[in-house]
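Down below are the structures I want you to see.
Next come two complexes, and both contain subunit A; in the first it sits with subunit B, in the second with subunit C.
Showing the complex of A and B:
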């Protein structure tokens, strides 16, 4: 049975500012939802609400029908929704392997009880994100791209069925983006998680996502396949502007 | 040759005392490094550990080594209670421990320190107490070193090693290290921040109180409610010297101060030796403010 992550009627206010205004979304395990919009449109806030880092002012987040938006952040992870940081924040004084181990140990539903197959699971993650050769290096010694892969690997290691990826490809060179997209697609095919991908690199979103949700000033202004969305006149005006001619396939 | 023997024996004594200092300072360091809280009542838990050893000796004739095990168990429980009573309300839900939280917890624990000293005075009066523990002497280069001091020194080294293995080799230890480096990221890995911080505080207290039991062997002036006033500053100096949050820092800092105190006592009176040890620390910190360990 595939799991389903849904948000219904999310409103988030900071004082008098409405960051999210009645946003809903839903995705099945195994699919990728792209989340795009101009700066300050509420993308990161929406990820924070989905991951339990922030509580919505109203509305709810549901995982397989179970409400998860009132749980503390670490419980949301254990329930099966993990988030990566825009700027990777590995534990600098732990090795790459230990970083993954922490996530594998505590992110699972039964922390510390599944001791036997843990090392195996950690090795598998390291292989998936191509960090095996760096397993014993301290995380602080990694390159930016390696840190991003470690961030991805740690989220995977929690055993989450849904990953929330905040600008995973930002700050990478075009070659590195291409390489990272490949890694992402291969891992997704093997592990089969669902993902919400917030991304500025349009090419990456369009090639990864089956569906795209466009936010503007906290409202969802369009939703559809990547092809539909980039042709939507409202989206072009709000966000893509003249760029649209460059990214449309 | 007797001269050389004396120096060697004195150094051995200094290193052993340094191990005990290190165990005590390690308790402070662990709490400071993990929760970012400076426990101003640290000295009073050394004092309670020492009285624990004294009363266990009085009641059941336990030596400080056995008493330290009981003290450690008590310390673990007291540390967890302390976390929820003094730190939890201030730290819960925070991903960064700011200046505000540091000051609030500093004042709260300082208040606790005053309360504990005065409770100690009321309960046990100010008169010094000593416990009977004399397993004999070992002769080193013409100078006899008390075996009791050797045992507690090695036991101190033992508990530091155990805590190191715990922190670097166990799942819970990994989580404690992860929490100490980045609370927000640890939560995103599914680590429960409250239980990890409470357990780390408990382990810090266990080491502090066990160290207090070991210290009784070296307290030539006896156990008083004021023991903490001398040994808390020494712990702070050791932690700062070795580097906050560095696992081997307390050991290096402890041995440095232990040997320094011991060597200085050859040249100057005891009271001045303590002051002089602190003076020596000042240039070290001016040159290496992050501690002498890289």
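Showing the complex of A and C:
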């Protein structure tokens, strides 16, 4: 049976601001859900709720039917849901390998002891995200793209069945985006995780995701296949202006 | 190092005869830093009684300071949370011993244990509330605690109001010496252990970036709280030994200068390291002994200035700086 991550009726308020207003979603392991929406529409907040970083004001998050939104963040990771940060947060004074090792050691359901097959797993992740040549560099010395790869690799190393990726392709050159999308697809095919991918770079979302959820001011205004979503008049309106050109296929 | 070699070899030859083979293998696996610290502690244990009393008494004070340095290192050095109010555990431990000895007539040993337990419990209470605060906010929140404690003990008749609890326990320097020795040895071993392996890696990650550490499955809050409780326990126990050593406990044991001194020791020695607090304790205590005689008011200034200079020019302290610039020496400076 494939695992399933679901959120039901999520509301999140910050004082007077309603960042999420009755948002629901569901995805199976092995599938990718794209999450798009204008700035400030609540995408990062939704990932924070899904990953246990923030508690929803109301509504629930379920992993295989088990409620996980009341668990502390580290338990959600160990249960199998890991996220990357919109602005990469590597451990700067640790090497790339150590960064991945930390995640592999602590991220698992039963955190791994030393020895075992830990080193092999770390090597595999480094290879998958193409950071092998940088394994001994301090994370602080990485380029933006490499830092984003490291975020991805660390999330992978936790062994999570669901990854929540916050703008992994933002701030990269078109070549780098193409390359990173390739890496993502290859790794996803090999590892078979489910993912929620937050993205402004439309082309990336459209090529990665089987389904797309569109947020606007905290509300889900559309959901469907990428083709359905880009033709939705409400979505086109939400993306009017410079972004509209990105939406056009 | 080269000059010391022959002595090391001879000692090693000796130990080879004393220890069975497999035990020696374990000792060797510890590496030079732990061996060095172990040797220092062993020498302290063995030669203590044959030293002149003046030096023996000074060594008790040194080990009290070193225990405090390792204590604040457990929280501030390991996690980066600056425990400005750390002296609150020292004073609490002192009053625990003072009250226990005077009112319940317990043995000073038991008073030290009581001081350790109360220090740990207090750290639990303060930690649950303040460890969720980041950076400067944690420092400020903990800063308030010794100030509050000062006013509480100054106004509590059972704790001697403002005049404290003087004790008359006689001359017990032997017991004091081995009590603080045992505390220090246990704490050095603990520090060594928490910097190793899986736990050590997790703590380093947490010190680097707490959010990222949580996001990869580290139980950040629990690790911080446990380190803080251990830290408070050792500071409390050493505070009790200090009260025993000076035959009394007074509201001034909540003096923030102690906090500053503890911080200075790990900033100078090297935060979060195993060797740093020991070096820091030596370096802070020697001028302390001189200044206290010739220019007592000068001490806070001397400490303040040296901490600022170190922070500006050698941010890793002695151990961190050597590790950075002499990679080959890292084995000796962990």
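The rule we apply is simple: the second predicted complex is superposed on the first by the 235 of 249 C-alpha atoms of A that agree within 3 Å, B and C clash if a C-alpha of one lies under 4 Å from a C-alpha of the other, contacts with A are read in each partner's own complex, and residues count from 1 in each chain.
Keep this in mind: contacts are C-beta pairs under 8 Å (C-beta built on N, C-alpha and C of every residue); 3 or more make two chains touch, one makes a residue touch a chain.
In this text the structure is predicted, and so the values were computed from the model without any measurement.
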Next item on the list: Assess the superposed three-chain arrangement around subunit A: do subunit B and subunit C clash, or do they fit?
Entry: clash
Item checked: Which superposed partner A:131 touches (first subunit B, second subunit C, both, neither) -> neither
Notebook entry, point to check: Should A:107 be classified as contacting the first partner (subunit B), the second (subunit C), both, or neither?
Noted result: both
Check: Once the shared chain is lined up, is A:150 touching subunit B (first), subunit C (second), both, or neither of them?
Finding: neither
Note to self: Looking at A:122 after the superposition, I want to know if it touches subunit B, subunit C, both of them or none. Which is it: first, second, both, neither?
What the structure shows: neither
Check: Which parts of subunit A are in contact with subunit B and also with subunit C?
Finding: 51, 53, 72-74, 77-78, 82-83, 85, 89-94, 98, 101-103, 105-108, 111-112, 154-155, 157-158
Notebook entry, point to check: Within the complex, which stretch of subunit A touches subunit C?
Noted result: 51, 53, 72-75, 77-78, 82-83, 85, 89-94, 98, 101-103, 105-108, 111-114, 154-155, 157-158
Margin query: Help me check something: in the complex, which residues belonging to subunit B touch subunit A?
Written below: 171-172, 174-175, 177-178, 181-182, 184-193
Note to self: Quick check on the complex: what are the subunit C residues that touch subunit A?
What the structure shows: 197-198, 201-202, 204-205, 208-209, 211-221
Item checked: Complex interface listing, subunit A residues touching subunit B -> 51, 53, 72-74, 77-78, 82-85, 89-94, 98-99, 101-103, 105-108, 111-112, 115, 154-155, 157-158
